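One chain, chain A, appears in both complexes that follow, with chain B as partner in the first and chain C in the second.
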Partner chain A sequence: MNNDWSILCARLSFWFSRLMAMTTKELIQFGRDILLLFAIVYLFVFDTYMAGNVTMQLNKAIVTVHDADHSAASRELIYRFRPPYFKLGGEVLDNYAGQRLLDQGRALVVLNIPSDFAHDITKGKSVDVQVQVDASNTVLGFLASSYTTQIIGQYSYDQALARLGVNEQALENVPTVRNEYRVWYNPNQKDAWFMPISELLVVITIMGIMLPAAAAVREKERGTIEQLMVSPLTPIQILLSKVIAMTLVILLGTAVSLFLVLHGIFAVPMKGSLVLFFAVTTLYIFTTAGLGLYIATLSRNLAQAALLAILVLMPMIFLSGAWTPPEAMPMGLRQAMYISPLYYFIEMAYAILLKGAGLDILWDSLLGLALIGGLIFGFGVWRFRRQFE
Partner chain B sequence: MNSRRILAVVYKEWREIVRDRLFLSLAFVVPVSLLFVFGYGINLDVEHIPFAVVDHDKSALSRDYLHRYIDSRYFDYLGDLASEREIGPMLADSRIRLAIVIPPRFEENLTAGRSVAIQTLIDGTFTFRTSSSKGYVIAINAAFNSELLGDYISQRLGVPLETAREMAQPVKAELRYMYNQEVKSVWSIATVLMMLVLMITPPFLTALGVVREKENGSIYNIYASTVTRSEFLIGKLTPYVGISILNILILWLMVARLFGAPFKGDPLFFFLASVIFVICTTGIGLLVSLLVRTQVAAMIMTVVVTIVPSVLYSGLLVPIASMDPGGQFEAHMFPAMYYTDIILGSFLKGVGLEQLWDKVLALLIYAFVLWMTSFLMFHKRPKS
Partner chain C sequence: MDQTALVDDDPPVVRVREFVKRYSKLTAADGVSLDIRRGEIYGLIGPDGAGKSSLMKAIAGVLSFEGGSVEVFGQTIDSEAAAEKVKGRLGFMPQGLGLNLYPELSVEENIDFFAELREVTPVLLAERKRKLLAMTRLDRFLDRPMKQLSGGMKQKLGLVCTLIHEPDLIILDEPTTGVDPVSRRDFWTILTQLLRERSVTALVSTAYMDEAERFQRLSLMFGGLVVAKGAPEVILHDVPGTLVELTIAAQVEALVRLEKRFTQVEAVGSKIKVFVPDVTPQAASAQIQELLIGMEIEQIQVEEPSFEDAFIALLQRRHLARKEEDSSVGKVWRDGEPPLGDGIAIVARELTSDFDHFRAVDRVSFEVRQGEIFGLLGANGAGKTTVIKMLTGIRPPTGGAGTVAGADMRRASQSVKERIGYVSQAFSLYQDMKVQENLRLFARIYGVPGRQISERIDRVVQLAGLGSVYNQLVGKLPMGIRQRLALACALVHGPLVLFLDEPTSGVDPIGRRRFWKILVHLARVEHVAILLTTHYMSEAEHCDHLALMHAGKVIADDTPAALKTALEQEAGQVLDLAAEPVLSALEALEQAGFVDAALFGRRIHLLIKDVDEATSRIGACLSERNILLLDITPRAPSLEDVFVHRILQQERQEAPP
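And now, the complex of A and B:
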């Protein structure tokens, strides 16, 4: 009995030492490719850093005015278009000139104030201010129109109150609903707390699929897989060693990016448990590695594998809420989103880093990722093993 | 340069592509399916934001106020919560993105003519969603306030409600969206997606081409042949440029027919500009494949120079105008931004060469620099 046990132990340690040897081989092979290392460092460090400079907010959008009234009232409205959202870009003399600036992309908003603006307001007549917004970029068009409506609405409200003779002190005695906002988790709405995290998750996804796929296909293309097949290694050892080596590389990159760029430069708070974050990341990388292995079984050379990887990668990234809010997805695709492992990973990564959520809240997402990950990885392994038969 | 030798290289490369059936079909399947999936999937019109309310007042007026959110297509109502304490876990779990808290005596205070403060809690993780939802909330709240003011004026001055409501809103904004009347993001996005697809697929098709010969050693056949450097490079790339030009036409048709984006510009100008862009992007793939020694490195390098910049620095999702100088510099480094302007100009704005000549010039310079660098970097006598 005792003897059996020690034999089993010996076998197991033998099995692991072979796995380790193979993993070391993968890591050495990986480390020899200087340009590959450089590209990976670029993606994890420089790219996440650059993403922190990207913003999806209106930043000093140029407002051009055609003011036919030139009154104190019209000027008061115009001066409400101030930084950070807007910047006044001067006046134009007629509507046509404003249109041309929009065509050339030199103005985002053109305000048209009619000639009897002040007169009509004092008369109590309602005035229309025409606003032309360049909506060819949806994000900018949407934000610009939203803020312009807010500014004009507030101006209108203030004018109405002024005509009633209500001043600042008496405002308490007018029935109004004051909406007080609290933006949680990112109170100043810094894009630098959002974009770099999203970029990091995207980079992890790209690497997680491409590196294992490449590692597996390369042996096939160069014919070295024949050597592995006659070696005492089992298919599982060959495959696991590749996955483990690539997971280590990606985890290292993630750690560097997280501590150096996200936390170090952008001061992204790391509220939750880092152990949990890395555990989730590891689980996610295994899932994507399963996809990578499956791609590798379908292709005979790297060119095919690269195109197949793109075919899987890009929809997964775009439709999981990394770059566009998941709420904005059409109904059918929102259902499809639930089978994307990246969707769960994104939710959990933000929840752990920014919201400080723990397992008590995230268990259902984690369960979802584990189930999908298990299925995908199992399938990838099964397909990969079948090649050896 | 000898055209017969170029043709020979083109023919050899073409045979190689055609024999790899999977690769050849993927060269067309990938662009089409990317455009298809993104065109239907990406939507920046933020709607259906899940939210919950805590109503301490439970009066007719508070329900009336809340129903403006509940009935709006921008918000999905997930129910009432008993207290503020339940909001935290719901937001942390992403089950809701927004919560509205109505204080007690909401109706009583308002009817007595006093102002009331309510609280809105917003999930700030996704900044664009945060600013959109905040915009909707402000708009709904402002509409409610202006109605309240109308009622108040009508009571205080004794004028009819209609006139009072008019008086409560003396200035109205009359919005006109240029180039994209309904702010349909599918229009502006589907057209720009053409850029994304043409930025990503040609480099991937090309990048692995040269480096594969290097890694397999078959490039020594070329080294030893009479084919010159430029003949080899031109011959090698022509099939890929050809595939990409076919893809331009397919994608163009899809954007116009399937997504119904209007095409207002000059077709010939747009076609030629697109061909220049494709020559640029295949050039990127070529340069990458000359830089690296292994196919894996070629693949990852292509990711670095195509996927990320074409999403972040092209104006597809993130407007370039609102980037800081660092981001703007990076955006100008990649050809994606120029081609985005050409696409938007041709499709939505209907402007042509006289407005867009500088972008075309930038692409031409880009293509020239890429091809010259590749030419100078490619040696038939390898150093090591």
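And now, the complex of A and C:
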């Protein structure tokens, strides 16, 4: 009995020693690949940094004016289109010129002020101003038209009050409804919190698929797999070593990005348990590694693997809510989101980092990721082993 | 010979001066100059990386170059437009079996496609196709897709496609690499006939030193330089020396003594070959006997040095041979484990392997003893690699059984894997890792205990002479050193059985000899069993035992000496004759009933039982037709003769009556 135990232990220690030898080898090779190192640094540091600088608001969108009135009143309206959201792009002499600028994409908004603007306002008549918006980019068009409506509405409100002779004190007696809302989790609604987290999660996904796939395909491409096949290594040891090494690399990249860029530069709060965050990330990387290994079994070289990875990545990201919120999806696609592992990962990552959520709240998402991850990884392993037979 | 002499005054078809080609930092050709005359077969001989392909591509006008000039048919090739002007007059066949052909197209479709590309009119095409197909004996396979042809047939089809527009110059890049000796012989005969008939000029490259005598003139290339050029016999003449062959009981001791004095000493099977430069045969023999005084020499004889000997001597003379540290081969590095049980290391019984549609290996049986070097010989696709894959446990056999290093390969493939070392055909170590990192990785994979790893690595590094490159990246090492590293990695766990799949293809002759020295040491001193595959006939001589494979079957299985003796008893000696004009002589001999007469460069070989009777018959037959018989000598058959004879015999048996 005792003897059996010691044999088993010796076997296990050999098994692990082989696995570690292979993992070390993967890390050495990774360290020698300048292009991969560059990609890792770029994606985890610079890409997430750039994402933090992008906002989802208008940034100095160009407004061109056709002012037929040239009055004090029209000027007051025009000067309400100010940075940071808008920037005046000058005046045009007629409506057609404004239209042309829209066509050429040199203005986002064209404001048309009729010639009797000031006259009618002082007369107390209502006036129409025409706003033309380039909505070829729907998000921009939507933002521009809603901001413009707000500015003109405010101007009209101010004019009406002035006309009525209502001053600051009297304003308190005018009945108005004010909405007092509370924004939770990101009180200043900073895009610099949302965007880089989302970007980081996408980067983890890309690397999680590509790195194991590349490591596996490289062996095939360079013929080194042959030498491994005649060695006492089992297919499990070959693939696990790749997954472990690449998981370590990605976790390191994630840590650098999280502490240096997200927390260090953009002051993203890390409210929840970091242990939980990295545990979830590890589980997620194993899931994507399963996909990567499957891709590697289908491809003969790195180019094919990269192409297949893109085919897998696109729906995965699209169905995750990273680029489009689930609330904006049609029902069918919203159901389909439950099969994208990235969906669960995003939910949990935001909840842990911004809300400080723990396992008591996230257990169902974690279960979902574990189930899908287990299936995908198991499938990847099965396919990878099968190609040796 | 006369033909070339007649046209000597013509301007050369190809004139290359101070040709330089660089690939970023690597210089592929460094100041190569040569002239190719009309109607000759000009050879470029050298190992991989000598610069042959670069030079050929530049002459074919498909590669730009950094320095010097290339003239083809008097046209200076300095631009794409200039190359375009002569492209219609030349044909180029790139390296690799059937690489310029389309695998899905049939034989005829391939030919038609090339004809269309070259704008050959239908009438001319029909006539040329008929002639070329008959000559290459491909006419029976018109409808067969190219991918289903054997290596030799692919090369013949490639030749037909290259010749379909009747070019004045053909450039063939290593047409015989990886082709079995029978097809090689066939290929050369066809080429010679075709060229003589139309006085086409040919530039042909090869990595086989023993093909040198097939060329009228040649350039020996190494590392981007031309080491020697001229007619083969002129080159041999310029490197005077004698090859001494001796058999001696205390081989290891004799080798040590000889190596102190001579640079080219080689153990080949039970023999030792020594190249003694500059002296007469008698003096050479005397020198060696003096060195080995006090030792009993069983047999000693002198031979003409081979082309390979001359090549190595030339390299050494010009100090091009890399100076490397000596591998201390005299050391016993394995931990004195006794050989396994009955001394049988590998047993294969009726091994069979079926792929989807065909039987790759058909009931192959053999035995390899501990300390024996066993060679599996055969063409590409004969089934050698599949046999190795089954024995190493990568591929389960369809039928049959085998034991490797005491473990059943069917049931205990994991134990087999732990006990063997394996060096694969293509280099399959990690090029982005250092020499020591590779060694450490394989030591750990094969379960060398942590405490012993450093010591083991030290030993194999010493054995393979890798000390000076220990910390270098593998990708930057030359081919020869890489192969020794692959060997070191395969040996790091001290295996009793070593599998080598074409370990030396592409390695230069010096590197090959160095590699063999280690193998001989492993077998003789360490009693490691070595099973290797090769298609170099000169390498087969090193083996203690040979199995010839053809179409999945073992067709002969014995020691090299016994194989030769058996052939001699069965079919006689080889008669080596030179005649002028040689093609008419060949035709005459074939008509006179010498069916197996084969063209060998400018000489003819035939197997003859009764030498004296045949000599007089041949003399009479040739003089009758006014063919000049220059010389005629009988000699013992070589392994290549054995190989060709056995395969032809097999094919005749299999052919439908």
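As a working rule, the second predicted complex is superposed on the first by the 358 of 389 C-alpha atoms of A that agree within 3 Å, B and C clash if a C-alpha of one lies under 4 Å from a C-alpha of the other, contacts with A are read in each partner's own complex, and residues count from 1 in each chain.
The rule is short, and it goes like this: a residue touches a chain if its C-beta (ideal position, glycine included) is under 8 Å from a C-beta of that chain, and two chains touch if they have at least 3 such contacts.
Since we're looking at a predicted model, the values are computed, not measured.
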{"item": "Fit or clash - chain C, chain B, common chain A", "value": "clash"}
{"item": "Contacts of A:F142 with chain B and chain C, given as first, second, both or neither", "value": "first"}
{"item": "Partner chain in contact with A:P83 - chain B first, chain C second, else both or neither", "value": "neither"}
{"item": "First, second, both or neither for A:R18, with chain B first and chain C second", "value": "second"}
{"item": "First (chain B), second (chain C), both or neither touched by A:G378", "value": "neither"}
{"item": "Contacts of A:G264 with chain B and chain C, given as first, second, both or neither", "value": "neither"}
{"item": "Touching partner for A:D33 - first (chain B), second (chain C), both, neither", "value": "both"}
{"item": "Contacts of A:E226 with chain B and chain C, given as first, second, both or neither", "value": "second"}
{"item": "Winner by number of chain A residues touched, once chain B and chain C are compared", "value": "B"}
{"item": "Stretch in clash, chain B with chain C, out of 220-228, 310-318 or 328-336", "value": "220-228"}
{"item": "Shared chain A contacts, counted only where both chain B and chain C touch the same residue", "value": "33, 222"}
{"item": "Residues of chain C that touch chain A when the two form their complex", "value": "392-394, 414, 417-418, 420, 422, 424, 426-433, 437, 440-442, 444-447, 450, 473, 489, 499"}
{"item": "Sites on chain A touched by chain C in the complex", "value": "14, 17-18, 20-22, 24-25, 28-29, 32-33, 222-233"}
